[in-house]
Structure formats: C-alpha cells, structure tokens
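I'd like to ask some things about the structure below.
By letter and in written order, the chains are A, B, C and D; residue numbering begins at 1 in each of them.
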Amino acid sequence: MEHIHEECGVFGIFSQTRKDVASLSYYALYSLQHRGQESAGIVVNDDGILNVYKDKGLVSEVFIQDHLHSLPQGRIAIGHVRYGTTGLDAKKNAQPICINHMKGNLALAHNGNLVNSYELRKELESTGSIFYTTSDTESIVYTIVKERLTSKSIEEAVYKAVQKLEGAFSLVISSPSKLIAVRDPHGFRPLCMGKRDDGDIVFASETCALDAVGAHFVRDILPGEIVTVSSSGIHTNKSLCETCKKSLCAFEYIYFARSDSIIDGHSVHLARQKCGEFLAKSDTVKADLVIGVPDSGLDAALGYANASGIPYANGFVKNKYIGRTFISPTNSQRTKELNIKLNPIRSVINGKRIILVDDSIVRGSTCRRIIRSLREAGAKEIHMRISSPPFIGACYYGTDIDDPEKLIANQHTIKEIADIIEVDSLNYLTVEQLKQIVPNGKELCTACFDLKYPTRIANHQSKSKFENKIKF
Amino acid sequence: MEHIHEECGVFGIFSQTRKDVASLSYYALYSLQHRGQESAGIVVNDDGILNVYKDKGLVSEVFIQDHLHSLPQGRIAIGHVRYGTTGLDAKKNAQPICINHMKGNLALAHNGNLVNSYELRKELESTGSIFYTTSDTESIVYTIVKERLTSKSIEEAVYKAVQKLEGAFSLVISSPSKLIAVRDPHGFRPLCMGKRDDGDIVFASETCALDAVGAHFVRDILPGEIVTVSSSGIHTNKSLCETCKKSLCAFEYIYFARSDSIIDGHSVHLARQKCGEFLAKSDTVKADLVIGVPDSGLDAALGYANASGIPYANGFVKNKYIGRTFISPTNSQRTKELNIKLNPIRSVINGKRIILVDDSIVRGSTCRRIIRSLREAGAKEIHMRISSPPFIGACYYGTDIDDPEKLIANQHTIKEIADIIEVDSLNYLTVEQLKQIVPNGKELCTACFDLKYPTRIANHQSKSKFENKIKF
Amino acid sequence: MEHIHEECGVFGIFSQTRKDVASLSYYALYSLQHRGQESAGIVVNDDGILNVYKDKGLVSEVFIQDHLHSLPQGRIAIGHVRYGTTGLDAKKNAQPICINHMKGNLALAHNGNLVNSYELRKELESTGSIFYTTSDTESIVYTIVKERLTSKSIEEAVYKAVQKLEGAFSLVISSPSKLIAVRDPHGFRPLCMGKRDDGDIVFASETCALDAVGAHFVRDILPGEIVTVSSSGIHTNKSLCETCKKSLCAFEYIYFARSDSIIDGHSVHLARQKCGEFLAKSDTVKADLVIGVPDSGLDAALGYANASGIPYANGFVKNKYIGRTFISPTNSQRTKELNIKLNPIRSVINGKRIILVDDSIVRGSTCRRIIRSLREAGAKEIHMRISSPPFIGACYYGTDIDDPEKLIANQHTIKEIADIIEVDSLNYLTVEQLKQIVPNGKELCTACFDLKYPTRIANHQSKSKFENKIKF
Amino acid sequence: MEHIHEECGVFGIFSQTRKDVASLSYYALYSLQHRGQESAGIVVNDDGILNVYKDKGLVSEVFIQDHLHSLPQGRIAIGHVRYGTTGLDAKKNAQPICINHMKGNLALAHNGNLVNSYELRKELESTGSIFYTTSDTESIVYTIVKERLTSKSIEEAVYKAVQKLEGAFSLVISSPSKLIAVRDPHGFRPLCMGKRDDGDIVFASETCALDAVGAHFVRDILPGEIVTVSSSGIHTNKSLCETCKKSLCAFEYIYFARSDSIIDGHSVHLARQKCGEFLAKSDTVKADLVIGVPDSGLDAALGYANASGIPYANGFVKNKYIGRTFISPTNSQRTKELNIKLNPIRSVINGKRIILVDDSIVRGSTCRRIIRSLREAGAKEIHMRISSPPFIGACYYGTDIDDPEKLIANQHTIKEIADIIEVDSLNYLTVEQLKQIVPNGKELCTACFDLKYPTRIANHQSKSKFENKIKF
C-alpha cells in the first residue's frame, strides 16, 4: 500500500514502585513503531519532576543507549510515536508535550485529530493563551490546564476539557501523581489497558505493546471513558460513554494496526483474513495462485486463498535492509528502485494467472509498478483484489492522506483504474462487506469510503490556512 | 534460524563507457546484503586508478550519500559485503582488498574460505611477503601478484594462482583494464554472470543482484572457470573445470541465498518448498495449521502445507523496526526480547495443533524460546519440522559456525532435542531427501550434515592458532 | 579564570530585500560564541513565516551545512547563543523562542535575567498562561503577546511590556514585519546597532559581531531604548531612558566581552589594559617578568608590564585542540589535565620572579593548580595580581555563578587566599580603580564586588525553588 | 602563516606492567596535535597481540570514549598524528602501520620523508613485496621485516634496514616485546626520550608530549641512534651516529614545534624570540607598536619588541571557536572570512605605525588580507618583519609544501613582495641570522631557504608520478 499515514501511537505506565519505566516505554514504543516513524518521545515523571527526551527519527534512532539512560527512574512514564513527514517540523512537533505549571506539571501524548481545533484555539488565544505550534495537541493541553485552575483535581479538569473537544483523541496524561487515559466518545482510535505481573498498569494504542512489556490484556478503554490510575487505585469515569455513535476507524483493521493486535475485542489478523474471504466469495475469476503485496496484503491474500481454494504463494522477496538512507537510482542508471526493494520470484510467477491482493490503492502509481514487475516476471494474467472499498474521501480523524482529488478512486471508475494500473481485472471490498469483517462492524467509521462523517467538519478549510502560515 | 553466517557476497561490473559504476555496485550490494552485514566496500577502477570506499556496517550505513558520491565514475567496479561479527576487526577486514603494484594495481573481492591458507601464507612469508591481516583473502591476492611477475597477463597469473588455492573461492578481480571472475573447481559458492541492456557485463554471487541492476541472467560461472572481460570482449578459461567433484554448498538453497535467486539453474524458492514437501510426505502427524518461523522457515512451511493439505497460516508478527541499536531488556524488566522481535498471533495459534517449520536448529536456545512463546499463545501441540538434516559438523568452506560441540544435533539424538526444545514431535529432512531438492542434488556439499568433506582439511587447527595471535 | 558564565549573546538583522539572512546570523553568532556555548539558534522570518533551527552545542556543531541551508531566505532574522551548562536542559532552553499567534508570529532572543520573573509568571499563570519551561524569557514573550491583544502595534506592546519587566534584558524581537531591539533601562547588558553597506540594519550584543558581518558601528542602544526597524525606516522610543541608574555589568569589560569589542563607547581591550596599569601603579613588588593566564589575563598583564616596566612574557602554551570530547585523565594515570591543556614554558619561567595576572578568582582551585605548575617549571616567586576586585556576591542580572558561599573571596581574606592558592603575594583591583577603567566607570554595576545591587532582589530565593521543581 | 604542513608526530611508551598505555598515548597525541591534524592512531601491544585504532580526524574526533576504551591494556603502545590533507586518502594512510608476521607482529610510526623510497620500493616489488599504498612508510616497514628474516633480533633488523634508508625518519617501532626508537643520521626531525615516575619509558617527537604524560625529559635521541627498550632494560646503538652532517629542520624552531618544547637542547620559544631580536637589531624603522600575527608570529614579535624598545601590543582577536565545519561566506554575503577568524582590535591599531611580525610568507595571499584588515582598522604604516629567510625551495624531508613556483619569494624580489602584500616595508631574517638563533645553528637544515640540500634528491620526480597513479 502506498503512503497512508497513521498519526500516532501512545503508551503510559504507572508503577507501584520507582523503577526504570523509561525502558518499558521504549519497548512498548518499539512495538508501536508502525503507527508513526517521524518522531518518538518518552517522559518520565520522577516524583512530580518531568524528564523528557524526544526527537525526530525512529525509536531506535532517538533512544540510543545514552539518551534512554539519561532518563531517571520514576513511577509514571508516557511515550509517543508520530507519523512520518519530513523536515524541521518533526522535531518541533515531537510528543509528549510537557508543561510546567504552579498547579503541577503535565505531560500529554495524543493519537488522533480534533475537528474543532481552530475554534478552540481562537478562544484560547483571545483569553491570553500563547501557542508555540499549530498542533491541535497543544490546544488539548491548554484546555485541560485552563480547566485545572477551577477544578478540584486533574481528573475533573480532564473531564471538563474533554467535553470541549470534538474529533478523535486517544490520550495518555501524566500529572505529578496520576496517569490518566482518555478515549474520545466516538472511539476513533484504539486504546487499551493491561497489567504486568508486578502490578504495573499500562495503557497502549494496541495490544502488541502489552505483549512487548510482558503485560496481559485487561480491557479496551471505552469510547468516552476516562481512566485514572493513582496510588489509591484505578478509577473510571464513564459519564461520556454512549454519548456519541461509536466510530472506530476501519483502517485500523485494514492496514494501520499490527496483525497480532486485538482491537475492541477483535483480532486484526482475523479481520484481514475475513476481508480476503469476502473478496474470494464474490469472485469467479480463474487463477493459479494467490499472492499478497508484502507486507500489507499478505493476511487478506491468505484469507482469499483459503476461501477460494486457489493456492497461496510467496510471490515477492522484500529487501529487509532498505533503510532511510537509501539513495534512489536515477533514470540514467536503468535500474529500478522497485526491484531493489520488492523483487518478484520469477520461478513462482512465470506463466501463472495471478490473484494479487493488497489492502488499498491510493494514487495507483506504486501499484502499477508492482504489476509491471509481475508481468516482466512472466505473469500471464493479473487480477487485483483490494481488501477495502474504493478510497475516495479525506479523513479528519488522524489519518494523514493526500488531497482527495489525488486519490485514484476519487477520480476514476473501477474499470478505469484497472486500465490505469494495467490489470486484467480489479475488485474491491464493498462497504457492506467491510461492515461484516468484525462482529461490531456496524460501528466502524467508513467515512473515507462512503463520506458519511460521524462528526461535523468544522475547521478543515481553516486548518490548511493555519498550516501554511507558520513553519517551525 | 539462529546465527549461521555466510561469509560474503561479491559483485563486479564492466562497462563499455565511463559511468557511475559505483551506484550500480551499491544497488547490487543492497540485494546481496543478506550474505553479510559486517562490512561493505566498493572499488571503482577509473582508468587504472583504484578508488575504494569500505567500512564496517550495512551497505546503507557505509554508503551514505557523501561516501557513495566520493567515488568517481569509471568503467570497472567491484563490491563486497561481509558477514557479521563485531569489533575492531570489521574495519580491518573489510573488502575489496586493493594493492598498488608496478605491474598495475589490483582489487579483489572473495567469497569462501581456503583450506590451505596456512601453507600458502607460510610459503609467501618465507619468500618475503608481508601480511597485514590473517585473512586468507590476502594470501589469494599475494599469490596472484607473485604469479603476475612471471606471467604475460593478469589472466595467466590468475590461472596459475588458482591452481595453488584449495577450498572455496568465488572471486571478482579488477586489474587496470580487466574484470575477472573466478569460481573454485568445486563450485562451493555460487557466482553468475548477467548483462544489462546497455551491454554492461556484471558478475554477482546471486541472481537477485542482477535484478537489482536491471541485468538479465546470462549463465552461471562454472566450477573451475575463469572469465575475463576486457575491451576486447569476454574470454573464458575452462581448463580447471571438471577437475574436482562439484560441491555447491547445500545451505545456499536451504538458508543463505535469497529465495528469488536462481543458483546453478535452480530456483532457491522452489528448492525450499521442495524441502517442505519432503517433510510433509514422510509425516503422519495430525495438525490444524502449518506455520513457518519468519523469515527463514516460510517457504518450506508453504511447501509442507501444500503437500499435506493442512492449512498454511501466518503465526507470527516480526517487528521490522528492530535495528542494530536495539537495547536488550534486562531480566529485572520482566519483558522478553523475543516477544518484542517476534510476537505470536494469539488469535491464530490459540487452541491449535501446530506444525512449526524452520530451516535448521543450531544451538536450540532460540528455537525453545519461540516454542515457549507459542505455548503461551495457546498452542495445543507443536510439531517441529526442520527443512535440513541434523547439523553436526564444521564447515571449512566459508560458513562461519560455532564449534561443532555447541551444535545441539552434534551432542543429542533427535528425541533428546525434541525434549530440550519442548516440542511434541520433531523431524528433520534426511540427507537423501536433501539431495533431491534440486535435480543436481547429488552435487551438493552436505559435509556439515554427513561429514563427507569434499577436500582435505589441512589447516583448520592451525587456523585457530593464527586467529588468536593477532587482533587488528 | 574559572567558570563564570555569561548568559547569552543576541543578534538581529533587517534587510531591504529577501536574502540569505541566516548565513549572516551564523557569522555573527560565531563571533558571539564566547558569550554562550550551550546552545545556538537562528530564526528566519520569511514574509511572516518563522523558520527556526536551534539545538544544543556550539554554532559550528548546531549549524552544519544541511541545517544552515535548511533555513530559507528572508528579510529578518534573529539569533542567539546561550551559556554552557550540560544535560537535557540545553535543548529545551535553546533560544530564540518562537510563538504562533493570530495577531502574528513572534520570535524573541534574550540576554540577561529578570528579577521579577516569579511575580510575572504567577500573574500570567493565574490569568491562563501555560508555560513550557521555567525560563524568564518565556515570561517576557508572554507579557509582550498579552499586551499585543490590546495594543495597536507590536512596538506599543513591547513598550507596555517592558514597563512590567525588572532586571536585565537586552532583547531582539521579530514580528511578522518588524525587527525590534530593546535594552533594559539599567543597561545591564550591552546592545549595539550597525549598518552594512547594502543598507541592512543589524543589532548585536557586541561590536565584534558587526565586524563579522561587514557592518559598521552606528551606535549603542541606550539603556531603556526601544528601536524598531521596518520597511518604513528606523524608529526609536526613548521614553524609558534615564528612568533608572545606568548599570552596565563591570564584568563585561573585565571578562565577558571580546577584547576587540567597543561597549558603550569604550574599548574592552583598553579597559583591560587599564586594569593592569592600575594594578602596576599601586604595586611595589620586584619581579623579572609579567605573565598573563591565557586567554583572560593577557590584556591586563600587558597593561601591567607597560606601566611597571617589568618585561612582558608568554609564559604558557594553551593547547588549542582540546575540545568537548576530551577524556580527562584518571588519578592512576599520574598525568595532569592541566598540563595537557595549559603548559608552562619552562625556559621562560625557570628561576624567575613572576607577576601572574588573571581577571578574577572564583573558587581558587584552578588558580592553585596553575600556580603549582609554574612552581614545577621553576618559578622562584609568584605574585598574583587580579584585574578585578574580590568577587563576593551573587549576580541577579544574567551571570551564572556559584553559590556566593563557594566564592573564595566571600569566605576568606586576601591574605588567606594567598596562602590557599600558594602565592608569595596577592593583590586585587579596588572597586574605586574599577570605576576608573572607562570614563563612565561610575555607571558600572559592581554589585558582585560591593553588594550595591541597583535593583530590588525580589525572587531570588523563589527562583531556586522553581529550578528544582522541574527538569525538562 | 599560511599552509605549511609538518608531516607527523610520533609517540611510544614501554611500561614495566600491563596498564592503560592507550590513554597515555592519547594525551601525548593531544599535545602533538599541532604536528598533524589529518589522522590519528594508537596501537596497543598486549603481549604480542597488536590492537590498533586509527582514523582520519583530530585526536579528539578519532578517539571518542568508546574507541579509546576499545583498546586493551598492554605494556607497549605507539601513537601517531598525521598532517592535514583531505579526502579518502586520510583513512588509508593513517598510521601506525601494523603487520602480521610469523617472526612476530610489528607496528611502526614514522615522521619524515625518505628520498630513496622509489628505489627501495622498486627493489622490494621485484623481489615479491606487495604494497597497499604509495607511502614511503610502507617501504620502511617492509625493509625491516625483510631484514628480520635473516637477523637474530628485531634491533639487528632495524639496524640493517636503517642503512638502506635515505632521508628523514624519526621512528617508533613496537615488536612483540620491544619498543624501538630510531632517528635518521641527519636528525632531520626531532625525537626525545622521557621517563615517568613509575619507570615507564616514553619517546616523543617533542618534549611537550612528555609534559602531557607526566614524564621528565631524559635526553634527545641522537641523529643516527637506535634505542631499544625491553624487559632487560634500555640499549642503544650509536654506530650510525656522526655518519652524516646533522641537519635538524630549521622550521621546527621557526614554526612547527610547540613553543614550550625543547628540541636538541634548545627552547623553541627562546629561539623564536631570538629571531625577533635579530630582526629588531638590523632594523631602523620608526614605529609605535609591535604586533605578531596570531599564533605563529607572537613569540618573535615579543622578541622584536624587547630588543627594539617599541611597545608590544595585542593587535588581533583570534576566534577560538572556528572549527572544521565552518561554512565560508560567499562573495555575495559581503562579509569576510578573515574578519570572522582574526579581527584586528581597532582601538589598538587606529592611527598607529605598526611593526607586524610573522614567521613566514608562503604565497602571500593570506598575508595581504591581514594587512588590508589592519589598514581598515586605521593602521597608519605597516612594516612587515618575517622571522625566517625568504622561503624559496621544496622540502624533501617531510614538510609538505606547495610547488616551489607558487612560493612568492621564489618568484619575486623582497621589494616586489612588499608591493604585492601592500606593506610600507618588508624585511626577512637572513640565513646567517637563522644559523645563530640556537647555539648549534650551523647544524640546521636550511635547504628551503638556500637550496643547500644535505642529501642527494633521488626520487622527487618519480614521487609525483607515483602519487598520481593511485588514489586509494
């Protein structure tokens, strides 16, 4: 799949004793790395004093030994990984955000995107708030801190603040003595709770992070729920649950989440296999092999193979050593970046009719290059099957996508797309099928496929105006 | 699979015109990276002047933009990747080796290991040669250069020198105006020739490097063959072919080579599937799923599934962001490195009887950890199947393995191993089956499985003495 | 001299045309590097959009080619260097500070220290401001931005804000279209204006930065003055001038400033020579040579030599290659860090009676080590002369010094100090002499020598409380 | 002074006990850094096993903590710093050179340049030696090792080898159990011996390195002497002493050596002052101030001032933070690199008649820029005085200089040079005066001033041919 970026992954830990919570956060962030490769950060709260290290880059690049060990022990830590853009912004926008306040320091990590950040910010600025960035996360922090001035506790402040926020937000927050996890009432982004054998409570975007820190899954945070962990135990505030239609992002199952994660009770891997099964069931094409595009199409391809009876095959070798510093070939070198990164196995492909499965098509250009490489490897027929519906609309809830006009399915019919990407046939999953890949599929947000946005869209035009005016 | 290291990968290119041969070598080395991660190097021969850049690290680490672009254009280049050890040696031992001589400069890259390097070296030293390292490659270079003093051409010198070398050596050599490829008469290590549309001739350890530089496969270099490319064309000397029993390393098919490569006419991927099929055919165990250990067991697992009719499944998620700088968890952190790197998918595993396929067992410890993680994920039964015979003996031909006494199969029966790694049953491929995975399977070297070494073993005791005496 | 740290150096440039103002800022910061080695930063204002790059480290470390060139062209830039502490704070506290606001973005760089920052901050927080750091500079920015909401222009906002600030502050500020320079009414820290031949207006902490960017000196900014540069020219607001006693920090002449700078009309170099002359005139000791401690004592030593008639000599070689990464010798190595860094020239020292001149003594330990090294080099007598009065009190105006109780002169008489540092005699400059080293010497702040602080000291206890509570 | 490069600095240590000899070498190399900034290396001989770390860069860059600590303890270590060129060569040519041989490993560090390296190499190659580089040091190593085959001891081999070498060579050599120091019979380059209180014997290019490791000076190694240190004590072979005319490089006193060093019994600092005194004594010009060009002209300027009675002044501030990564200003920035690096102090210069002293003029361009900057700072007259004779000839003994035709004094009369560099008058030291700056001045090599080369010049043409043919 090409270039859809999840916004972020978040993690938090509360321990009964002072310990190396930074390292545990580090392992958790490693397992959430797929949710964001732009920047990484960890804050250790050591008895009310916040110690942060964050920078642009992968977890492994940001937290070299010296940096990780520069963080002290503590009882609370939160961590964050952020999606991949480039340039100076990465450093400025790295999370968690930490602020220093007479009512107590605060650190916060956010996954998602607000739809009312412009209004929030306008109001905050008019009453004296001063912003360093254009990020909506800064608005969340300011809203909470403002409420704190008139609240009895940080959890009360969070509760009041959350009611002012619209859109997608899974948050982990550290006050001087508490760890708080919040999931927006729509539940756009996942958030779960786990427990380690030594009693540490952890929160994470996905269950794979629980596995990484040796925690067992306790439960998902409910849409609208606020969970507070302190020395006096775990308290939950569910007042805001059920106030909105549940709307977990369907792309979490299709692409974003790691396939070993369980989200809102359902296995990501099985959901992906289910997508492949649905594609197979509504298909009549004859073929010799089913092949997935590594790595995003493999699970659905296996589901397709199982349901269709057509043999599953490994069709490509993906070069696992390609890194950030790869220097792309020039045209004059007559060698293709794609073949260096993803090479078809000719002995598998040659002379075969291929079912090629991927999770989505964004612009179509990468897809076409892959298909051409299969033709060069001798594929007789190529039938492309996409394990999601045609991707036509923008996302306002934390998925960073191109201008909708650049989405191939926004501009072309399926028949036209098949011609453009040069396949013999092309099928997509339907929205109806998508809503059946997990038992609670009716509660998925499918707005980017059917334009049925579960919230008002207030500031999206304004947003771009903002972004253009400052570049930190 | 645990820690078997291939020695190296080699590449060479001869162009009709002066061009950016360094970049093409860079892409080729990227695709050969699996053959060695310790160091990488490229020599560009620019009209007789050798320009080298080499250092320890991955291709992507050694050749950052400035370093790659510091190499000039030229008509000949050779490149090398070397296997993964640690420490100061990596830098010292990086190849290609370049020497400066009045008869002309010489650069050489070597994959394999000599069995008579101690004798060679003793003789060379007694006649005045001075060595910088203990590497057998330096002995090869010196032998060639000495022969050059009394030869009419570099190819004559290479021909004479090769007759003094015993053991495994696939070489690419650049003289001021020629590119020479040599494969030892046993053909222990692979070496192939390709051609780009613009007429450039390339040599590489594996065909996947041809794909990476947009070259089509011409043919394998024969065991014992010396191919010389110069402005006057391609000349071959086959005088030494058929002087020895062909002995391509069986582990090239089982593990080392990339599955999209074709070696000596046969697809690595299909050979691996064949291993799985053999395992299935001689098996009677009942199971729900066939799972491969990523990435080395996946092809054989698929072969097993196809032949047995038991469904193939993706049983693990491998974290693709774990890098060199990963900081391992301490025991006190109660979190497991393995689960961070390779996490079982509980929804797939839970309650199932599993056929688990991997390519080999070395010491058994990694294997046991993986099996335990499957048990924790709910596996009801685990039947391990290994797509190679029990690994019991040392290799003297370029595979860097532990002391044979540390090989689990050298010390234990299959039954004992099954108990140690805690599986319900364990089967290996037989040597007889191994010799049938490719049509010319009789010609494979299987010495590490059956101790039938195709050469005398002259200096292996001496060798270790050497290694201990100097550490550059 | 040992470890007195100046807080910062600032620079600003306003050009009539869009150009590479980042590079000019870079050269200016190079020449101001002696004022702060902890962090460096440059903001380019490109038509209202602020582009910042800042990090911990020296100018040369922060602004490697890629980073400097990542900044766009623009018409306004400001830059900052910050004094040298260690650790995580350096990154967090790097200046300039940039904020994003609906009334326009703002960047600000500050040299100095407020004495009412605690009150300011308390008031700002109680009305909703949220702070990221404990730095007083953040309070300055917030005060200006708050005033901006009710002001017609940024310069009006600055004028109102300045009236709320107490203490030391030389500021350069970039609004979307204006460059503003401010110097506090006491004029604690220097600030001057220059002009380049192409009409660019620049502000800098010292005139050496004007030389570095090819600008000629126009004039010093007056204590209390606010100078605004915009497309409509240069406007000045002197309403706040003469509202306070002028109090330029005496240490600027004694130590901080570069000796080629002219501050408030007087040459730093000549002021230092004058210190040496005063020391000589009130001295009767007989000696063979006058030697300065490199580099801070050299100018005064020359002044002493000229006034006394005792020959001036180069007594030490300072190793100019010692850098940040120097690994200090351990005791067991029996080698001395001092001799590696600063080695006496035995052929000069041996058998001589030495006048040794330095600018100050802080704790006395470095001083004693230097004196011992002279003894080992054969000095017969050592008479130490200090070109400032005994250093006894804290500074609240931007000089980062130890706890006064650790100052040797705060705890000991001159006689005792002479014994501790093991000299044959010791003399200091008197405060009266200090007030004569420049014509306007009466206007110098000499509070750290005579405890006559020119402002109330409001928050210094509170300050330390603050610093301890958070560590970003 | 502009761009004359010394070839190298060497160091060796022999300890009675196994200890951290690497760190002591590191401190010694720090103090020899002025002799070479291109590369640095240390070899620790740990009971016959050689452990080397070397790379391009300054000592502080090459030996970051991890690299220094990667070296084990041992009883012998040798170290080397090499002069500053750029590019790929730096890494390849870094010393010490280490070789592995059945007669025992060998490490060698060399300061100087052979004049018969071409003949040596030709002979060595014809008898089978194979060279990796074009460096003459490799020829020295090979000659010694060849002699070793037929010698009873390494010191005998060194003695025989030295007789085959012509030109300049100060060597430190580590055999498995001995440390050997050699100085060529002309004594072109300095080499001295010291002893630490714990009995460690050290050899170094200059005495400043003895100070750095806490050793006291024992004596200079005599021209032609071979000193061997082993467990059985210190043995010297003086057979080759007095076989050649002593010819210590005059530039060691004028420029290369550090002024706190004592070379062949005479203080470098005093020799430089003496140069200034001679200049003053033969001068009649009237002036107000004597100023040295930092740092190379300062000592002679002080000597001039003392002898003439004209006051000495500090005329420049040299920016001590300019490092390797400095990005030079472009012409369009209208700012001058020189003023950023070396700024005149206007308050000193303005209106004055200046005697400006430097150690030499190479091409004249830097000199002219400095003089122009003094004019801009208001100098009324500038009288340049050079503390060496006109520099007209090549050096074949280890000083890396431009083609003689690019030397301004090789092409122009003194009068013409004065016009070119725009001074009011110009005087040089005479060769006769130079020969009186130290008592044994008659024994100085002054060939680059008077073309009286103390050896035949055999291979200098050949040399350049060589250099051009290979570039590693």
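In the analysis below, contacts are C-beta pairs under 8 Å (C-beta built on N, C-alpha and C of every residue); 3 or more make two chains touch, one makes a residue touch a chain.
Computed from a predicted structure; not experimentally measured.
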| item | value |
| --- | --- |
| Those chains which touch subunit D and also touch subunit C | none |
| Inter-centroid spacing, subunit D versus subunit A (mean Cα positions, whole Å) | 60 |
| Centroid spacing, where centroids are CA-atom means, of subunit A and subunit C in whole angstrom | 47 |
| Multi-chain contact sites of subunit A, meaning residues that touch two or more partners | none |
| Pairwise touch network: line, ring, star, complete, or other | ring |
| Every chain pair in contact, whichever chains are involved | A-B, A-C, B-D, C-D |
| Complex contact set, residues of subunit C against subunit A | 48-53, 70, 87-88, 92, 98-102, 105, 122, 124-134, 141-142, 145-146, 149, 469-472 |
| Contacting residues of subunit B [partner subunit A, same complex] | 20, 23-24, 26-27, 30-31, 33-34, 37, 58-61, 63-65, 68, 196-198, 208, 211-214, 258-260, 262, 267, 269-270, 295, 298-299, 302, 306, 311-314, 316-317, 319-327, 329-330, 333-336, 339-340, 343-348 |
